[in-house]
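Chain IDs A, B, C and D follow the sequence of writing; residue 1 opens each chain.
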Amino acid sequence: MDLNFTPEDEAFRAEVRAFLESVPPHLRGVSRRELSKEGQLEWHRMVFKQGWVAPAWPKEYGGTGWTTTQRYIWQEENAAYEVPIILPFGVTMVAPVIYSFGSEEQKAKFLPRILSGEDWWCQGYSEPGAGSDLASVRTKAELTEDGKHYIVNGQKTWTTLAQHADWIFCLVRTDPNAPKRQMGISFILVDMKTPGIEVKPIITIDGGHEVNDVFFTDVKVPVENRIGEENMGWTYAKVLLSHERTGIAGVARSKKGIERLKEVAGQELLDGVPLSEDKGFMSKVTELEIDLTALEFTELRTLAAESAGKGPGPESSVLKIKGSEIQQRLTELTLEAVGHYGFPFLGDEQLDGWNESPIGPDYAIGSAPSYYNTRKTTIYGGSNEIQRNIIAKMILGL
Amino acid sequence: MDLNFTPEDEAFRAEVRAFLESVPPHLRGVSRRELSKEGQLEWHRMVFKQGWVAPAWPKEYGGTGWTTTQRYIWQEENAAYEVPIILPFGVTMVAPVIYSFGSEEQKAKFLPRILSGEDWWCQGYSEPGAGSDLASVRTKAELTEDGKHYIVNGQKTWTTLAQHADWIFCLVRTDPNAPKRQMGISFILVDMKTPGIEVKPIITIDGGHEVNDVFFTDVKVPVENRIGEENMGWTYAKVLLSHERTGIAGVARSKKGIERLKEVAGQELLDGVPLSEDKGFMSKVTELEIDLTALEFTELRTLAAESAGKGPGPESSVLKIKGSEIQQRLTELTLEAVGHYGFPFLGDEQLDGWNESPIGPDYAIGSAPSYYNTRKTTIYGGSNEIQRNIIAKMILGL
Amino acid sequence: MDFSFTEEQTLLRNTVERFVQDKYDFETRAKIIKSDDGWRKDYWQQFAELGILAAPFDEDHGGLGGSAIDIMVMMEELGKGLVVEPFLPTVVLGGGFLRHGGTAAHKAEVIPAVIGGECVIAPAYAEPRGRFNLADLETTAKKDGEGYVLNGHKAVALGGPWADKFIITARTSGGQRDEQGVTVFLVDKNTDGLSTRDYPTVDGYRASEVMLDNVKVSADAIIGDVDNGLELVERVMDEGIAALCAEACGVMKQLVDKTIAYSRERKQFGVAIGSFQVLQHRMVDMYLNYEQSVSMTYMVNLKLGEDATERKKAASAAKVQIGRAGKFIGQNAVQIHGGMGITEEMDVGHYFKRITMIDTQFGNVDHHMRRYAALSE
Amino acid sequence: MDFSFTEEQTLLRNTVERFVQDKYDFETRAKIIKSDDGWRKDYWQQFAELGILAAPFDEDHGGLGGSAIDIMVMMEELGKGLVVEPFLPTVVLGGGFLRHGGTAAHKAEVIPAVIGGECVIAPAYAEPRGRFNLADLETTAKKDGEGYVLNGHKAVALGGPWADKFIITARTSGGQRDEQGVTVFLVDKNTDGLSTRDYPTVDGYRASEVMLDNVKVSADAIIGDVDNGLELVERVMDEGIAALCAEACGVMKQLVDKTIAYSRERKQFGVAIGSFQVLQHRMVDMYLNYEQSVSMTYMVNLKLGEDATERKKAASAAKVQIGRAGKFIGQNAVQIHGGMGITEEMDVGHYFKRITMIDTQFGNVDHHMRRYAALSE
């Protein structure tokens, strides 16, 4: 047991840093909300050119073949340089399903375009009223008489960035008479340009447009776009749900977040003295920092177990729960730090084309919306209550 | 709406204080664990002589006829003078059942002796393995052929101070074939001197002996000692369970406890400065004090609603939950305050006949055992989980 | 001790409750906060007609002579409707300054205008670098002949865009955070040298930055005593806290009730989510937090008349309770609503946004923990 | 980075684990802690024979040359059994002082005696008025010819009643809380002027107050450098914290496992209480707290060799985590066990008592929060 990095690891870190130094300033230190589609794609292409888009993929499809430690270093340095993330919908969500269960044609068609960023993917899992109960799929897909197409009707919701997407992967019900809800579901890939698809924005309480409703009306999808066997979609989806633990906890980003929070506290004044010298406030920051250190080592232990050959499992629920709670606490403390200047709300005006000076200090902008927005982290991807149910059942055997 | 005390209230307070001034020092400032049976009885007889043993009883049976405000003043001053409590088993637990459902003979026989303290009562509700599920009564009472006696067999547990008791009130199963568990239960009063009763101490993790197992082997109980009708005991018991909210929250005692805690913090040193000047520690005390203020006003609101004619109801669960949590927090912070001197454990030696000086400061004695002991407050009298179930069902309608 | 409401109080509550029910449904409010003005001036006029704006003022000046408890019941109902019209800044705070510190002329002229709905007041007490310390003022008022010249920047004056007059705290003497040397001014918005930057707030209100550039006012503008204004400011702010706590109770009541109702209707895995014990206990804890908050709101409103130390402790204790309870209730209301809780279309998110910002208004939990502890020493 | 155990470490773990299973069941322990002696000297001899006492010492002195990780795995297993024999005071702390600060003579004489089970050491670093500040010493050591004279009162020396030698911190110069001026002494228990008051502790151990009344020691008694002892004390205490965290993990593991097992068996309202969702989620949170504690225990043990600031921060962070997790896990283990949790007859209460006092040992959460924050400035 040791924490040492090998000389190879150090060399790798240097290589990563050299690459990150080359990232242009307009891609650094911007939140996802502030990043345009073009910015996101520019970043994706940079990483693609470097060959580092998909560390977790098998090497044959374009994975990097990195060790656990190398993946850890990559995450850590990404956060340190505050570069954007690679969106997960293609690379970490649909791709493992395609390379694990897809046909050779599907692999050849989709994987390279995911890697290169040519296709922007979104996720069609959630449905209205279903929440974390993903197996209650009601969107229907019926085979045409010639057996060549599915006709899809229904609605997906909470679809992140569907407004930019080229493709959507969907769970659809192909056998409404299956004896169990989890049966009779198929996994299909749908071109967003297909007639009958309509995307409607959902505005969230932070004032942002990140998620959407996606409506399907007689959407014609070629049978070749089904992954694996008909009615077996739930099996494939489940694999996806527990896949890819690296980064789920967001440790490296939260570390950076704590640094930023300390900077804010260093600028806010309390009775003329920086808030960062107030023991009461700072003890909350310290507590969070210690929580995060514990989570970091929990993640490292999990990664180590994974690289020792134990497959992804319910431990990802542990990382999800603690990671999301820490992210929420971070925005909560930031809002607390900025005092009165949490109040002003300027929507997107302060982001684009706002020519006047901002209201209040720069660092206060968006602190309340961020806090509002972060509420989602304990809701999406299976609410934290669901995660606790999973741990109770799968780990504690209750 | 106002917080004013009337001149009558102030006169009453003066009367109460005059009485409490007369309480001898050996009865003041002692915990229940430290108080002997004789001390407890001495206190009871003093209050009896004053006519104030049973503020909540109807006047005809010996109640005081006090207003809500007077009862509040009595509680408050009792806590301020740190006098013992009147044990609840007779006065607040069995007596309301007797005067509500008992026969005239039972009232005449038992109530005066409860008031005077001549009979020491204990409670036979809990049974091994039942926990908060009181309806799962397995102690059997079978009628003799002549119908004049019950023969009782079984076991009660967690019976507080049974080692001193003259009488025990019990739930017993008189009809094992009743269609529902709550049916077929009777409420009987048993003389502790009856042959076949055996009391065995349960030692708790604080090292104390307060609770007991009580075994019944062919114990003969006259039928006249049954309250009300046979098989209707659960109905009577339920009334008892929600009866008497005054004091359940322990507000006045906890207020005194916070004062004591501040005194301890004033004597402990942190880097040479009193702990009471440490903002970190004191903010926890402040938080507790504010919680307690809220609880005080919640209790006052509840009492006001009660005196406006609304009967005791599920609101007592609110007082129980918050009151017990505050009591636990109080002992937790006290243990924290005393530092290293939480470690020494001298059992009863330091209490009786310990002639040497104590280990560490006086105020540290028993701080860990108190913390250990207070864990019970969220378990007994219906665990706080059960109380939350009650609120969910009865108040929130879930 | 008495915890019952008078008939007049019940009447006042019903008046506001009915107004909110009839005229302030969620869609109407959504339109109001998105409108250019950000409020309904006609509603303000209706408040005047209903007598709501008259509640705390002396009958001599056309008021109803109501108590803190009268304000409390109204604020609770306004909170339930997330009403954005500036009752708190104008009637509670503005009115408080006028009642406790106004000159006879102020009382005779301004109070009737407030009661009549013709004068909106926005207190501008906060500053960019002062956080929650009411004495931490960089804004100065320098003696200039018979009058004063004000210079400075007041931050986040809620209701500012609609205001006819500002109440401005400024330093007339002493060091930046001295208790002595604070003076309160009542300044017309259209005074030369006074400018504002108006903006919406995250919880649906409007606020202003108020810039003072050699603003000349006469000595008549002073409310209370020169240099000794801090106690007045603290008193009025404590009254504001008491009223805000009542608003918060209204907001929390809605969050608790709406969450319980939602949990009964919303089905997952084939059953109502309100049947899950974990959510039941969570809602019980929301309810406990709400009940404790109501208790503290009664407490602070009943203690506003006590001596300054008791009043300040009561206000700070209540604000701590409301801040903590509001966070717990708000966060869990959203969590139990799931994705629906964070959409702009559903009401629960708006109650959440407001309860969040109530913690900041008049000083957050940390600030009032410190204030309470300092007063207890 | 590597998170695997060596074969030797697994062997060590198995040795201790087997000992606990075979010879330290709950009834045996109950007898031990109630006995006059309060420990089993024959078990201590068996520890020596099993090589457990030799783990951290250099092979030159008869040790096994083990690392912090070796100590960690053993402490975890000792924690699972609530073993009261003084491994932590003697081998970890006493051994630490000898290894890092002992003279050649100490190493040559005392270490073999420790390894052989012939010498029990109890460090007496705390004082009645010093709380957790290791430099806050009223005990003095005055130069007296070639030697020193010690006077003072050391508080709550765990393992004191069984000790052959005490390690005593005293002030040789400087003011009462100065960093400079702390010196460490190794003193035989039977030295003239040294007396003890022995007593049981609430968690089943034994401890002593150590009174020093003109205790004369020679300069050979000094461990480390005169006046510069504080860094040595801090280093050894951090190693103690790292070991204590491992013990705590063992204790918490038992509390979590026993609670889960109990909840599966115990029936209420006709079903196992482990089927109630509220208790399930509570146990999940116990498990999360335990896992996070294991992580921090690895962290601190892996960082003991880093520079002083990093080591101190790691130790304080881990101690905070353990203190908070221990409280949560202990309280809820008792709560879920109900009445059974607070009876002396059942094991869970004893684990609870120990985990509670672990928070106090070497400084509680507040102390280490402060220390961590000060080191981060």
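Everything that follows uses one rule, which is that contacts are C-beta pairs under 8 Å (C-beta built on N, C-alpha and C of every residue); 3 or more make two chains touch, one makes a residue touch a chain.
All figures in this text were calculated on a predicted structure; none of them were measured in a lab.
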Remotest chain, subunit B as reference, centres from CA atoms: A
Chain pair showing more contacts of the two, A-D and B-D: B-D
Whole-Å gap between the CA centroids of subunit A and subunit D: 43
Euclidean distance of C-alpha centroids - subunit A vs subunit B, Å: 53
Centre distance in Å when subunit B and subunit D are each reduced to the mean of their C-alpha atoms: 39
Of all residues in subunit A, the ones touching two or more other chains: 279-280, 283, 385, 388
Multi-partner residues of subunit D (each touching 2 or more other chains): 276-278, 281, 369-370
Subunit C-facing residues of subunit A, complex: 126, 129-133, 136, 157-158, 202-207, 268-272, 275, 278, 280-281, 332, 335-336, 339-347, 356, 359-361, 368-369, 371-373, 375-376, 378-380, 383-385, 388
Parts of subunit A lying in touch with subunit B, wherever the complex brings them together: 279-280, 283
Touch list for subunit D against partner subunit A, complex: 1-5, 9, 69, 260, 263-264, 274-275, 277, 280-281, 283-285, 287-288, 291-296, 298-299, 301-303, 317, 320-321, 369-370, 372-373, 376
Partner subunit D, residues of subunit A touching it in the complex: 1-5, 68-69, 72, 279, 282-283, 286-287, 289-291, 293-298, 300-301, 304-305, 308, 318, 321-322, 385, 388-389, 391-392, 395-398
Of all residues in subunit C, those that touch subunit D in their complex: 276-278, 281
